[in-house]
């Protein structure tokens, strides 16, 4: 395993300290592994988080117009309730706090436990659950769909709404609206290596790719041969478009890299995605291309669409200033 | 007369369980690697390591405080799914022990039932979902059954242990509905659930320890 | 080779189109592979460029406060003079144009030929040459040091100066000042694969890393065993600090990923870099962490320092709005 | 009487040179991979392919326009170092051909000298820097020498070809001062310079072609 680290046990702490040093607007709370804004303002607080290994998520989205606090667990492991409570406290200015949770049972259990405990301390806490990954069948019975890169859009929308002075219910409603309109689908060309494990989670052959894998090294739904950028766009978008009706609408597009895929390839993919959307009479309103929700050193990508209405457009366009996403 | 466990005794059990978990590292890691993310053993092992460190404090505590402490440590140290589940389990069990100085047969059954309920509630899960519940649930059912039938405590611990181990083994045939295995194309069918196995290690160790106190 | 591409011959064109689609402020000139600002303003124009494969460089730095045009060659190959002339024309608003060239003989020859030809068309053109890589010995006799990630700082400084309304000589002087104060040093853990070649430029063993490699897959100056983040910071900074006196000064830091290295590792490295600088009484004024000047899918990093005075601080802090670098 | 090459003849030479370059792909690629970035052959090969495509236009041109055209194509198509160097070389040579209908012995020597000067100027390089110059320079020196000594054209082409090939071979022993090989720890010592080898292919082909016209 080749990684620029000191010890597998200290990666989370060291990365967060390194981040706080690089971005002086951020405050790092040690032991509890919380990154929050140094300057608090009177508004609904937005807290997100989850396992580490998805950098810049989640700490990279802390800042004006997005999150107030991000809570980090160990690599690919949910943060514990005590950490989340600290995040809630950092984010709370008396107007209540919205938790943006990705749909993994570990995250849900830990965030809900923290919510229960924070409410005992009279902090009003609401939560939304992101489940944008169409690779996994939807179902009310099972845990159902995972939350992946679309979470970044939820941070943006909820953050903008909160920054605009909306109350907790309104912020939650905006986040729910975003979630309802977001779908994602991913593809991996190589798995990732957990620092503590030292070898990849799954191994792909020289010419194999994995469609619909998760962002924690979970294997996907189909293993196939290497595809062109055009075919990749088609495979990923077909799944997304089959799941939700985007026709005739305006969308935000997120072409997300999983950590080891160069921007060159993401932009080539964007070209193909845009072609298909145009063909299908779906109008691209705004596009984001980059490493937004990664999976350690996995190579591959995901494509996310968010259907927009006037409110979502306005919130998407609202200025934000975070290490990983800036809108001017 | 039956067993009577003090908070000091429970600490003895914790030591034995820690050792049992510790020695099965590769096996449990492989189970979680097959259907999940491979960290279950290291999660739970580090939890028990921290419990061992906290023994000096725990020994002096009431059972109520001891169980709450165990819950807090598990919750904050283990992280992931099993941390919050064991945290909830021990917090739930603590309530049963309010004002008690010792754990007797009926108390132990109540503790395990409280743990089961806390885990099912926090995990939004039922028996048959291919989780640790599939070990704990049959163990609790068996325990209650033994008490109803007024079986001897010697017989009881043997039967409860058997129920737990068999319950854990039964997860191999199940389709996962909770936990990471549900993202696998085959829902983990054919693989044991790692959380059920480590739950079985703990119940097994506990029942064996109780047997030494009879 | 696993890459999200269609055909090795079309990667440059498709990536630039994909970029222009994602960033509506950018204009793409086909065949000549130039990305320029859609809206021109009356000011000194800044043009940079070079081989492709360094994304987001160079097109990602086109926008307010940085470049006016970026000219792309084939992967790792200098653009030809006719392309550069197009870049100059796009950037020229009558106030003259500054070329930011990286010190590779191919780039220098092509940019200088373009400069000669543009001057025949009565466009005033000046150029500066970035040579920040301390891995290569400096020498006036040989081609000397390569230009690597420090080039991004030169874009920022020259771009800010031009945006502030300075004339060509003043913009050139600011760029020269930046160049004189910038040093970089890099390390690779895996080489990169050129789309047209299909296999890595050099192969490193399971536990080997390469110190001081170039950004075109050129091998480095030393091959050694995998190092911790702390050791890596020490090795890279030692070379930088031995070459130029930064003691007691304020610096800008760029922790640059080479394409396949996750942000987690770059932030861990930043933590170590900051520790060493603080120890050496060098004050970090501003830090940038990310994939700024990459080398296709190479994994590894470089560390760049720029010594700051009041003018450079002001120019570094000046707002800019480009796809790859935004300062608010 | 000596040779007299028209613009049509020069096109014939271009065809032969293109073929010569084409058939040495793997060898030249390996040379540039060893000390540079491995693209020299594909650069120069694609340049010659484009020249072949432009033949219908070039055949009808004056020598002056033909050489300028070759320069523009090489410059824009090849890219990298060799594109601009050949571009400069052909533009420089075009000046020598102003108002000429044919290339004779002295013209050919002038052309090659003009190319050499243009390359040295654009590349800021001299003989001994381990570049294509180390093939062209000895060839030009030899050509001038032959003319001074009034050797026959038959003898001249043999000697110039020999000087070019030997010059290219001499790069193996040199330390690189220009080009990518100068970034290697050993400065490319022991490796031939790819640009010198492809230059030798062209001079060789040209001299052989001239021999057929004598």
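Observations on the structure shown:
Labels for the chains are A, B, C and D, by order of writing; each one numbers its residues from 1.
Going forward, a contact is a pair of C-beta atoms (placed from the backbone, for glycine too) under 8 Å apart; a residue touches a chain by one contact, two chains touch by 3 or more.
Please read these numbers as outputs of a predicted model, since none were measured by experiment.
With contact taken as defined at the outset, chain A and chain D are each touched by C. Once the centre of each chain is set as its mean CA position, chain A and chain B turn out to be 33 Å apart. Centre-to-centre spacing of chain B and chain D amounts to 81 Å, using the average Cα coordinate of each chain. Inter-chain spacing, taken between the CA centroids of chain B and chain C, is 56 Å.
The set of chain B residues touching two or more other chains is empty. If the chains shown are joined wherever they touch, the resulting network is a simple chain of contacts running from one end to the other without closing. Across the whole structure, chains are in contact as follows: A-B, A-C, C-D. Across the interface of their complex, chain A is touched by residues 33, 37-39, 42-43, 72, 75-81, 83-85, 87-88, 122-124, 177-180, 182-185 of chain B. Residues of chain A touching chain C in their complex: 2-7, 11, 14-19, 21-23, 52-53, 55-56, 60, 189-190, 206-207, 209, 226, 228-230, 232, 255, 259-272, 274, 284, 287-289, 291, 294, 296-297, 299, 301, 319, 321, 323, 326, 328.
Against chain B, the residues of chain A that register as touching in their complex are 73-74, 76-83, 104-106, 108-110, 112-113, 136, 141-143, 146, 194, 196-197, 201, 214, 216-219, 221.
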